[in-house]
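The same subunit A turns up in both complexes below, where it pairs with subunit B and then with subunit C.
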Partner chain A sequence: MNCKFFGALTYTVNLNLHIGELTKTENEQQLNQIRITLLNQVLQLINNGAVLHSGMFVIKKMLSNLSLLFMNSSRTWTNPLLTLINCVVFDQVSNSTIANNQIDKALSSLPFSKIYVLLIFAQILAEELVKKEATNVSNVQTHHLVHEHLFPTVQKLMTSLLNLSPERKLIDTWLDCLVSWVGYASKAEFDSTERYDLIELLSMCISLVTSTDYAISQKAIETLSEALETNPSFFNSQLKADLLSMLFGDVGVQYVRHFSSQQDEKSVADFARLIIAFLDTDLKSLLLKLNDDENAYIFDFLIVLTNYPGTPIEEESVSREFADFWLRFADYCICEDTTLQTLLNDKPGGHQALSERIKALFERVTQIYWNKAHVPEDEEGFSQYKQEFALYRRDVGDLFESVYPLVKLPLIINLLITIERSIQTGKLEDIEPSLYLVTCISKDFGDGEVNHQLVQHLSAILDANLLPIVLQVKTDRFRYLVSTTIQFFSSADWFYKTETGTKYLPQILSFLFDCMTNTNLYQLSSSKAISSICSQCRYSLVEFLPSFETIITEMINNTTIDPVVRQRIINAYASILEGVKDPVVQGENLFKLFDLLDKKSLSVLEGLATANPDERERMVDYLTSLVNSVSAVGRGMQLPDDVDGYYTQDQESKVREYWTTDPLGIHAKLLTIITNFTMTNEVLSENYQIIEEAVNLFKCGLTEPLPGPFVFDCATILQFIVTKFNSLKKSDAYPLLYSLLNSVVTAHYRTMDLEALHGAIDTIFLSKIPVIEDDPDLVQSSFNLFSTMLSTRPSLLLSNEKLLMTLLEFAFRHLGSNERFVLKSLEKFWTRFITLRKGDRQDTVMVKRLFNETELGYVLTFNVLKYMFATQRSNLETFIEIIKQLVAKYPLMMSKWLQEAFPKLNEEREKKIQNWEIFVKKIMLTRGTRSANDLIKDFWLEVNGLINYN
Partner chain B sequence: MKAPDGSLDLLNWTAGIPGKSNTLWDNATYPLTIIFPEEYPAKPPKVKFPAGFYHPNVYPSGTVCLSILNEEQDWRPAISLKQILLGVQELLNTPNPDSPAQEPAWRLYTKDRVAYEKKIREQTKRYANPDK
Partner chain C sequence: MIFLQSSLGLCCRLKFIPQLLHHVGIESFLSLLTLRIGTSLTDALDALIGEQRIQPQLAMKVLANFDRVTSDNLRDSVKSKLTFKGHLHTYRFCDDVWTFVIKDVNIKFDDNETVNVDKFKIVACNSKKAGEV
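Presenting the complex of A and B:
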């Protein structure tokens, strides 16, 4: 049999290889011959009992070959199915033709085994047609021919076959064939103007649902679901009415009852899928049915199905199928509310009545899902499907969130009341799902949604000792209760914003601290909650600062605490400090924090040198986390963007005075910490992350409009840059220092001391050029720095002739860079240098003189052209921009530079550049406008012998 | 996202990208906003992580730099939301060093992979799934 299969496969390979050639008009005869040969082979195969019995895969491959032939010659061979029917009926490849209306008679003379082959062929044809990739024109033609010739035969074959009362296997294939034709018909309707009438076939499929053979009705249900999901427009109103009466009538009830009694939950879930696919086709009609008591049975049935017994995921998936459906229905009810109002306009109170019914329906639905949202108690079994259950619960949460606008306050209040009662009765297992669902509903509450009743109920729960109870049961069994409680309080900022809610903050924070410190399990989630609460309620938590001291000390002293947790808590502390407008209080607290941090880090720093590698790694992580925390405090304490009105005049002058005099020496303390971390310790001095955090720390204060703990003067930062640069043995961290200097220039360019700046540049650039040249990152960093100078205050650069000359040479050289990011930074540098938008008169005169009176313009033009013609297409933009700026700024000189540069360039080039004179004329006419882009691009393509495919 | 009245804001979506299993990004869900322009699908949506998200192909503002999200590159109106989300999920663990969007993560990714991975692990903790 394998040998036969490889024979069939060889046909496939060769057909695919030669089909293009074969389908030419002149080869029609040859193609016909191949078709006859293939058909003869198929006949031989299906007349061989052994092949029919165990070699169906060979026959299928041959049918697929026939399908391939048809697909490529559908204009001359319009009905391959009819051809095969003829062949099978007459047992030879003949010219005799059975018409479509004779098919039923012809089929009655055939054994089922051969009809089965015909059905398989019909299915393969549809599947191959769906897969076919073709141009629109040929697609439309094929769709037309299929609709006109092939489909009527398929339809006749299928209807005739079902009238013969075939065996189960044949009905199974019939249903598969129907699914394939629904798929194809849907595609054909999308791609062309052909319209399919599948009503007869679908109607037969519906009747199969009522089959006494449950296996057939199961398969028919799956088929109908697929058909509805693929294209519901194939179902007309009669079919829909039939489906409705079947699904919600005796057939449906019997079906569910039968499979429920067999504990075959999958079949019930498939049935649910069909119901959902059916209802989804017309949610409006379903919604209007709600208005009529006569339809109550429909909703009752849906509720019964939704409430299918068993633990979700583990024992049943029906409720999962329905969760999505109810969510869509809820969204539909909300979105179509206005339409409903209009529709029910003529019935006084009609809309109100319907809203009440919607509400009542969803109250029933949510009650079911509240039950289903309980985390199963069987720990061991649960671990098998834990993740899937979490996804299920998330869907249930989304459903509650969607239902909330319909049921409104009672939904959340009922959940809160349940929690309160559960606390009183000790039914702790009901607290978790309720709190989980409250979180889902309320996590995005805006100010307008917080109601007095809501706050009261939540307060009542807290008064009923929810938090102490949760802490008491912090065992494995109630792990989810603790976790959900933390999640809830992490997102309940709507509660803390109320006056009543604020009173509970100490209680809630203590609970979270307890969760965080007493077990590792909840460290990350509780620290996140603390950080979020402190950030949201900073002004209400000032009194809480002393309580933080103990915890902060623990955070700093305990080296085993997760760095993320440490940073979050210190950040939370900084958030509250930021809310304190009295600089004295701020200063005192900051001093304590930094002093503690300084002392603790010193003791760890001392041990670094002697620690073994593992210990050392842990210590470095800890120290990195400490310095990270310091810079996080800096970020947390930055003043708001719009500082006007943040302080009163009196407060502002106090802040200025305090931080200018800095009585506790906080600036000095911070500098000591920075020095200890980045300079004095050999293990840390090259550590990229530590230096990065020190740089971040300095950056925090650069944009501050008022003096503050993190605001340092320019000289101090420049001093740090120079000292650190000199101490570095490796160049990895150079870009960090460049970036810091860049930020200093951006913030202080107006007042910068030129001598100090040039001193710093001397150290980090002029004295290190060989190192910088070797590393494209450093080249990029340096160009970024100089571009910032040019775009803020060009004299910062132009006033230093030695630096300028070295830099220009450096900038010529790197036009030949292959790195896109270097070229981008270079583009920025050269265009800013040429345009000099921020230059004063002196700067402008100086640069103009450089271009007009020295070789600069020519050399730049020459190098730009030289490297442009050698660069790859994606880098062209850089060179185009520089040329455009030169043409715009120095039109007369540029023409001359170009005319000198091209001949010189041709001297160097093996392949000479032709027609450059015309290019020069054209480019000068553009005056550096956007029209130059295409011109340069086209010339670049021409010079490089390439074609523009755009 | 939903308006207070419960109606859907179809132009602004929130999503979560679960980190792929068995990668550094596993066990966490990374929050994402998807902002659809009026011209969608002629123009691509803007996909953003929170500002400061650490990844070589995420801008400091949080905007994801991905060719299929770039109108001038590989965006096609037929690209589905599922493909976008899967693309972003894939990008998390397979950054494109040729298209850097932020310096710190890109530099560390290209120069010091160990330090880069440490930073990613730290970020993963920040967005850890609640039950982990």
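Presenting the complex of A and C:
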């Protein structure tokens, strides 16, 4: 059989190789001969009982060959299915044909095994036609021929076959064939003006759902789902009415009952999918049905299905199918509210009544999902599907969030009341899902959404000792309750912003600190919640600053604390500190904190050199965490984005005065810490993370509008950059220093001292060019820095001739880079250099003279063209942008540069560039607009002998 | 595919649920979606054509397959969701492609991890072709 299959496969290979040649008019005779040969061989295979029994794959391959032949000669061979029916009926390849209306009779004389082959051929034809469309966008004529000749035969074959009461296998294939034709018809309708009428076939499919053989019903249900999902427009109103009465009538009820009693949940889920696919086609009609009591049975049935018994994921997936559907329906109800108002305008109170019904419906739905959202108690079994259950709960959470605008306050209040009652009755397992769903609904509450009632109910829960109870039951069984509670309080900033909520902050923070310190399990989540609360409620927490001091000391002194936790808590402390508007209090607290950090780090730094490798690794981790904490303070202390009105005039002048004089020497303290970490200790001085944090620390103050603890003057930062650069033995951390200088330029370009800046550039760029050349990351960093100068104050760069000349040469060389990120930074550099948007008159004159009076323009054009033709397709954009800018900015000169560059380029190239003269004319006509993109790309494809894949 | 629930002014909450194309013939859609990996494949195919190791027609077939398989897998295998909150800065609908630029965005992932970004750009197109129901 394998041998036969390889024979069939050989036909496929050769047909694919020679089909172009064979379909030419002069080879029609030969093509016809091949067709006859293939048909003869198919007949031989069909007549061979052994092949028919166990070699169907060979027959399928041969049928696929026939369809390949058909698709390439559909003008001369319009109906391959009818040809094959003829061959099978007359058992020979002949020219006689039977008409479509004779198919009934012809089929009745054939055994089912041969009809099966015909059906398979019909299916293969549809599938091959769809595949062909995937690569060959539109073939209107083929669609027309298929619709006019082939489809009527397919339809006749399928209807006749079903009238013969075939066996189950044949019906299965019939349904598969229908799915394939629905898929093809849908595509044909999109690609052409052909319109398919599949009503008869789909109607037959619907009747198969009522089959007494449940296996056939199941398959018919899958088929209908697929057809509805592919193209619901094939179902007319009659078919939809039939489907509605079937799905929600006795047939549907019996079907669900049968499979429920068999505990075949999968079949019920398939049925649910069909219902959802059907309802999704017309949500508006479903919504209007809600207004009529006569349709109550539809919604009752949907509710029963949604509430399918069993634990979600483990025992049932029906409710998961419905969760998405109800979410879409809820969104639809919200989005179409205005339309509904208009539609129900003529009925007084009609819209209100419908809104009430929608609310009632979703109250029932949410009640079901509240039950389903309980975490199963069977620990061992649950671990098998924990992740999937989490995704399920996420979807349920999304559903509640979407339903909230419809049911409004009662939804969340009911959940809060449930929690309160559960605390009173000791039914703790109901607290977790309720709190989880409250979190989902309220996590994005804006200021306008917080209601007095809501705050009262949440206060009542806290008064009922929710937090102590949760702390008491911190056992394995209730661990989800603890994490959900942390999660809820992490996102309940809407509550803390109210006067009532603020009173509970100490209780909540105390709970979170307990969770953080008593077990490792909740350290990360609770520290995150603390950090978030302190950041949101910094002004309400100022009075708790002294209580934080003990915690902060513990955080710094205890070396075993997770670095992330340490950083978050120190950040939380800094947020509150920022809320203190008195700089004296701020300064005192910061001094204590930095002093503690300095002393603790010094004692560890001293032992670093003598520690063994394991110890040293732990110590470095701890020290890194300390320096992280310092920059965390910097971030926490940043003033809000909108600083206007943040301080009164009096407060502002106090802040300015205090931080300018800096009586406690906090700036000096910080610089000492930075020096200790990054300069003096050999083990740490090359540590990338430490240098990164030092850089972040400097960056914290760069954007501050007022003087502050982290605001350093430009000269200090430049001095750090130069000193650190000179002390580094390896180049890994160079990009960090480039990035810091970049940020300094962005922040201080107006006032920067040119001499100091050029001194720094001398150190980090001019004296290190050989090192930079070898490292693409450094090349990128340096181009980013120079691009920033050009886009802020070009004279920072243009005023230094030596730097400019070296840089231009450097920029030419790297046009040949293979790294995309280097080319992207080069694109930025060159386009900014050419356009010079922020340049003053002197800058503009200087750059124009460079282009007009020196070789710069020609050399740039030549190099851009040279490297562009050698680059990859994905890098082309970089070169296109540079060419466009040159054409736009220097149109006259660019034409000349191009005329000179192409002949020179051809001298260097083995494969000469043709037609460049036309390209030059065309590119100049674009004037550097977007139309140049396609033009350059097409020319690039032509020169490289490639094609456009789109 | 995208639900926009506008609240106050420019403050919008967006939910993005990727549903990918069911049909084949979706090159333009996926070339947007799978930019990095798709362009790398294109570069590799260009190199093979340049070395005369494959014909351009084969490259076309490879890309068509790539698009189909990527689309199928994204549709069938990806279950992750993320939600984000921010200020809607720009939105446009051009040539059947939606573009949203959102500023100061807080992105939440399934595992409750959050990421804050200054700028977030969404390029999305309909999971069905124009005119399709």
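The definition used in the following text is that the second predicted complex is superposed on the first by the 700 of 950 C-alpha atoms of A that agree within 3 Å, B and C clash if a C-alpha of one lies under 4 Å from a C-alpha of the other, contacts with A are read in each partner's own complex, and residues count from 1 in each chain.
One rule holds for everything that comes next: a residue touches a chain if its C-beta (ideal position, glycine included) is under 8 Å from a C-beta of that chain, and two chains touch if they have at least 3 such contacts.
Everything numeric here is computed off the predicted structure, so don't read it as measured data.
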A:Phe821 touches, of subunit B and subunit C: first, second, both or neither? first
Partner chain(s) touched by A:Tyr480 [first = subunit B, second = subunit C, both, neither]: first
First, second, both or neither for A:His143, with subunit B first and subunit C second: neither
Which superposed partner A:Val564 touches (first subunit B, second subunit C, both, neither): first
First, second, both or neither for A:Asp444, with subunit B first and subunit C second: both
Subunit B versus subunit C as contact partner of A:Gln872, first or second or both or neither: second
Which of subunit B and subunit C A:Ser739 touches, first, second, both or neither: first
Partner chain in contact with A:Pro232 - subunit B first, subunit C second, else both or neither: second
Touching partner for A:Glu692 - first (subunit B), second (subunit C), both, neither: first
Intersection of the subunit A residues that touch subunit B with those that touch subunit C: 331, 334, 390, 444, 446, 448, 487, 525
Subunit A-touching residues of subunit B, taken from the complex the two chains share: 1-2, 4-8, 98, 100, 103-104, 107-108, 111-112, 115, 118-119, 122, 125-126, 128, 130-132
Subunit A residues within the subunit B interface of the complex: 331, 334-335, 390, 401-402, 404-406, 444, 446, 448-449, 480, 483, 486-487, 524-525, 528, 562-564, 621, 688-689, 692, 732, 735, 739, 777, 820-821
Of all residues in subunit C, those that touch subunit A in their complex: 3, 5, 7-8, 11, 13, 15, 22-25, 27-28, 31, 39-40, 42-43, 46-47, 49-50, 56, 59-61, 63-64, 68, 79, 81, 85, 110, 112, 129, 131-133
Parts of subunit A lying in touch with subunit C, wherever the complex brings them together: 130-131, 133-135, 137, 186-187, 190, 229-233, 331, 334, 390-391, 394, 398, 444, 446, 448, 487, 525, 872-874, 944-947, 949-950
